[in-house]
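You will see two complexes here that share chain A, one where it goes with chain B and one where it goes with chain C.
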Partner chain A sequence: MRSLSAVECERLSRWYGDVIALNDLSASIGKGVTGLLGPNGSGKSTFMSLCVGLLRPSAGRIEVLGEDPWDNPGLLRRIGYVPEAPAPWRHLTGRDALVRGARLTGLDRNDAGRAATEGLRRVGLAEAGDKLVGAYSHGMQQRLKFALATLHRPELLILDEPLLGTDPLARRDLLHLIQDMADDGTSILLSTHVLPDVEALTERILLLHHGRLMAHGEVHEIRDLLDQHPRTVRVATADPRRLGAELWSWDEVLSVEADEDAVTVRTRNAAAFYARLQDHLIERPGFTSVTSPDDNVEAVFEYLVR
Partner chain B sequence: MAPVPEGVGTYPRWRGRTETGSRLGIIVAQEIRVLSQNLWFLAAAVLGLGVVGAGSVMELVQYRQDGLAAHSWDRYTIMLDQLRWFALAVAAVAGPGLLEDARRGALELYLSRPVSRRAYLLGKALAVVAATLAVMALPVLFYYVASLAFYDEHPEAWHARAVAGGLAFSLLWTALAAGLALGLACVARRAVTATVGLFGGFLVLHFAATRLLGDILTEDAQWQVLSPFSATGRFHAWLFGTGADAAFPLLWALLLWGALTVLGWALMAWRHPRVRGEEPVRRRM
Partner chain C sequence: MSWTILLQDSLRHWVSARGLALVLVAVLVPPALTGAWVATHQDDVAVTGIAWSPHEPVLGDHVTFNVTVENPTDRDLGPFNVTLRVGFHEDLFGQLRFRDRFNETQRIDGMAPGGTRVVAFPWNTTAGASADRAGSYVVEATVDADDEIQESEERNNHWQEQVRLGLPPGEPGETPELPEPSGGNGTARLEASVDRIRIEPEAPVAGERVNITVFVTNHGPDDLVNATVAVQMVRESPSYRVVDGFLVPEASEYFREFLDSRVVNVSANSTESFGFAVERDLRVAPYLIETVLFTAAVAEEQDMSDNREIAEFRADREVQFVPPPPKATAKDFYRDILSILHLRVLIPLVAILFAAGTLEDERQRGHLPYLLTRPVPRWAMPVSRYLVGSLVAGIAVLLGVVITFLLLLGTPQGTPGFFTWPLLFSWLALLVYGALFTLVGVAVQRPYLVGLLYVLGIESAIEYARTILINDQPIIQEWVSYVSVSYWVQTAFAGWVPGGAFWLEGKAATALIVLIAIGVASIAGAAWWMKRKEFESV
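Entry: the complex of A and B
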């Protein structure tokens, strides 16, 4: 199993006694940003632990950046991992924690000091660097963990619920940091059960539920697979009532609602509806946008798990 | 995305060197630093080194100032016996650091770095061994230096055996205590269970072997070998040439010491489920 994917797994399973945490997962996660979605207990953290080599598969295989992650320190030089747990080493200052993390990663004493200073600055903790980690707020600890994971400039960054419990400001800053790394070419695997977090970063998602892979791909691709469910399309136009009346006669349309500036349509055959709508709108100027609220990950998730 | 907020910098590329060697020294240093902030550890170490170690050395010096011309093996071996309980306490507190790592997230951090599982376990073990050994070995060295400084006359074979024998005895005890402390930490669910289990287990066994069985089987003092403390104490006779009328043969003591020591280290090497990737690394207790 040789691959250019960031993560590739084949029939991967992990169980603890009688409890199956991850069940027969086969997926290829490409480079770039991928969101790992699922409710609590869906197997996200287990999957990430397998990616970092913290756990050994019970069955199946996993490769990360083309290598088996189990007890593979060489691979871990290329990976950064932000665990869900609170920042460790609460008795150290933020700076000392970063120096220690850098030394463990392989930086020599001088470089570790420089990397720690740079890491603190990057995550906005330069002024709090000499405070004890135990005195940091949750948001500051999340930033510190992010700095710890990225000191060595990993090729792949794995983030387990990095935004959990953060305030809006910390959330915004962390999203910027993640986006910044992605723009710089780092592949990112991000787990969350807060769907808009992922939506802000990527369209590419992997959905887990009860340890099984439920869907994998672009948000809209996944949505297209679900055409048995009615899909909502919103067309903003200068004359919603007229457009609504025209669309109501179409076979593809299940229902129509018109408000002041748009028509909201529910359709069972999105592809056919979009094709026909495109031709229709070309002939009638005055519309401003066509959007589908169902193309967001939250809607997809709702459809898939319920 | 909106512009980067104030105070949050852009992501730099790392252009420096990275070492590929073991991170063993860093792990040991980190663990000793963590231990030095544990009050129970400090209490055991300070009482061992300060009260027993320094107290014995001061007593030795005091005897000389009171006019005693020569010192004896007795004070020295009593000091070693007393130090063993404090070294055991140090090991019992330090060993469960393996469990604490899982609870505090440090294990997750270690194992997601370029640190092999072997290096992690070895680093933890070396830290526990170093702390335990120090409580016994440092007083041995100070006692010997004080004896040279203040006495002209020494017991028979003092120069040949005091330091070498004292260090060997310290190592024997350290191997047993640290191994069992680490081994118990790998099978226990809670740190306090491992600590109390080790120290309490030694106390109970010692009391049972030396008192209860002694009272029941009054003619048979050889049951004392069932106490790890008494069993390893038998090494005194062999190392320092004293205690020829010991209650049981040296071989028995050696067998018990070997069995317990191997058990402890084997448990640590093979039964740490989180290090072996058998359980989630993160653990809430």
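Entry: the complex of A and C
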């Protein structure tokens, strides 16, 4: 029987001795793309380990695609999993690694070869297929892991921090890959602690903090929360004092600090501030970058739990 | 198909520096040691017999022992010694000491290939002759006691025989007797006699308890009551004088010792037996047992001449053949290589290296999250690794045994009997240790450390503790050893006798069954544990 939910859990808890990693979690994750958000230590990886059967619940129950994932090799044929760990079989070529992965999934030699070729093409590694995995860059390894997880065309793809450590180009490519899979009808559960990663893919999120479910819903709700709390924006420029003096007069700005090579601004209305800043900086060249150190989920949580 | 990949992965582990080093060590170390030993132990010299004349010597004879020595090899032998000793073992405070009556060594300059030499040793038994010199002796011939020749076989360097030195016929001395039963011409209704004396054992050894049974028959119609049976023991001590180097016997002396007397009753027309015992240690000497039945105090008999009976026996010394302390032979070396190097050290370590890393190696390589989330039965991971490891390491270990055996083919011990069981033992030990460490690899966090602690710590400690004796008892109970696989392997191995029965018996057979049980239980346990194991971090 096909389940309407990709993942369903009821009063799900998991603890390691005295440490509670996941606490009384009840949620129904529908098909499509869902972001699993939370800072480090929030229970995301534990939840994913429960989804792929690496762990058993300490209490409660979990179903993935309508089945209990524990000790269920059959279910693993329907799931693709991209762990946070580096790409495996570094002594093999990318193609051989994919063949191995495909054969472990149950494909015969010929089908595995075809699946490997298709996988390399899909993730843009066709030309690098004969290089050793150990020689791949981080971004290439991430793509290879993605190919490994999708060789058998899974119904559900579980991605544990797939964009961690990737450069902007690799990030863009991976997001495209994930979006393509989603467009093909694959349900995707994506864990991350960076909100914009999820925003690019989906509106549906699950927010975890200290093992508890803090929010389950639309990403704009989180974004609203994010926008309401004061945020820090750091603008690197050749003349911080001058830029600081100019920004201090803006209504959106709460405080300004200038150091040797940058200005750090606190603002309550980030969207308005960013829009005005963009225009301002275009008129005054000389800045090098704009970053927001707390423009992530962790900062939101800090704000929410305060 | 998933299975095939897991087996290939397991096989690939061996195509690494560590795997190849392991294979080379397992294959080459035992043959290298054996080869070095065999190369320096090519010679052999053997004693093949001892003959003597006169064949039944008596005290005073000049006895010549002829020791036959052979060189069974096709190589020239250098000089060596041949030693002949005649004597007996005696127990001194719980330890057997060889007491020499004769001990002589002769030098042999060398021997040609396949040569035979008879070395004569004259023994003048007259020297220091006394009656207690008679009796049985061990004659022991030894070649190359000083290890001047590097031999492949040392156990043929000894030969032992038993020779009995009798007493020459002597001049009888005056035999002291019990009082002669007196009387006669008494009532015709009483007639009794001592029929015979039974001595058990018939040929006692010095120090052995001797039982004497006296059989008394009442021939008359009336019961015999309150008669007395008296027993005395007489030791004969011949004396000699030496004339022109020869022993001339003189009249024997007799030393009488009253043993016991007893009042007896014998029913009319019946025979009764009465037991007596010699309660002290006998010396090596001839003895007489004299028994007299006294009836005079009760009634006089018609004929009292049959009331006295004498029996003889001879107390000899106990001859014990005590083998000389063993020296290393090619066979011993082969056993040691298998028992110590292969079974106690090499195989457990090889097993740790191929089995204990079942999960740990995959974790370190970063493969674990990818393997555990594939639709492969989890138990297949340890089992496939175990199967391939057993096969590859097994071939390496067995190759070591085969090459070692081939190196020994040129020695007298190179028989096929040395081949089959060692192969089986080696492989069985590898399978059992492999299964055990596969279980360890699945169940514990630091499997290599735990494996090494088990082999080098627990098993070695048990092995060592078993050799420490207090009051002839090991300081640990035997059941403590049951936790050691090495104990069972060694017990099974000890039951193997080259050239003996094919099937092991007794404790060895039990050990074999226990080993198989440990192996099966361990690999089944590893599969079960893997199936149930949770992975907090991979």
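The criterion applied here is as follows: the second predicted complex is superposed on the first by the 216 of 306 C-alpha atoms of A that agree within 3 Å, B and C clash if a C-alpha of one lies under 4 Å from a C-alpha of the other, contacts with A are read in each partner's own complex, and residues count from 1 in each chain.
The working rule: contacts are C-beta pairs under 8 Å (C-beta built on N, C-alpha and C of every residue); 3 or more make two chains touch, one makes a residue touch a chain.
Keep in mind that what you see is a predicted model, and the values were worked out from it rather than measured.
Novice: I'd like to know which partner A:Gly106 touches here: chain B for first, chain C for second, both or neither.
Specialist: In the superposition, A:Gly106 touches chain B and chain C alike.
Novice: After superposition on the shared chain, which partner residues are touched by A:Thr150: those of chain B (first), chain C (second), both, or neither?
Specialist: first
Novice: Regarding the shared-chain residue A:Leu177, is it in contact with chain B (first), chain C (second), both, or neither?
Specialist: Touch partner of A:Leu177: chain B, not chain C.
Novice: Tell me which partner A:Arg11 touches in the superposition: chain B (first), chain C (second), both or neither.
Specialist: After superposing on A, A:Arg11 lies clear of both chain B and chain C.
Novice: Return the chain, chain B or chain C, that is in touch with more residues of chain A.
Specialist: Chain A has more residues touched by B than by the other partner.
Novice: Which holds for A:Asp71: it touches chain B only (first), chain C only (second), both, or neither?
Specialist: Both: A:Asp71 reaches chain B and chain C.
Novice: Which partner does A:Tyr81 contact after superposing on A: first (chain B), second (chain C), both, neither?
Specialist: both
Novice: Touching chain B in one complex and chain C in the other: list those residues of chain A.
Specialist: Touching chain B and chain C on chain A: residues 16, 49, 52-56, 71, 73-74, 76-77, 79, 81, 83, 85-90, 100-101, 103-108, 148.
Novice: Name, in rising order, each residue of chain A that touches chain C in their complex.
Specialist: 16, 49, 52-56, 71, 73-77, 79, 81, 83, 85-90, 100-101, 103-108, 148
Novice: Sort out for me which residues of chain C touch chain A in the complex.
Specialist: By the definition above, chain C touches chain A via 1-2, 4-6, 9, 365-378, 531-532, 534-536, 538.
Novice: Quick one: in the complex, what on chain B touches chain A?
Specialist: 1-2, 4-5, 7-14, 16-20, 23, 26-27, 30, 34, 37, 104-106, 108-117, 276-282
Novice: Quick one: in the complex, what on chain A touches chain B?
Specialist: 16, 45-46, 49, 52-56, 70-71, 73-74, 76-77, 79, 81, 83-91, 100-101, 103-108, 111, 114-115, 118, 121-124, 126, 148, 150-153, 172-173, 175-177, 179-181, 184, 186, 200
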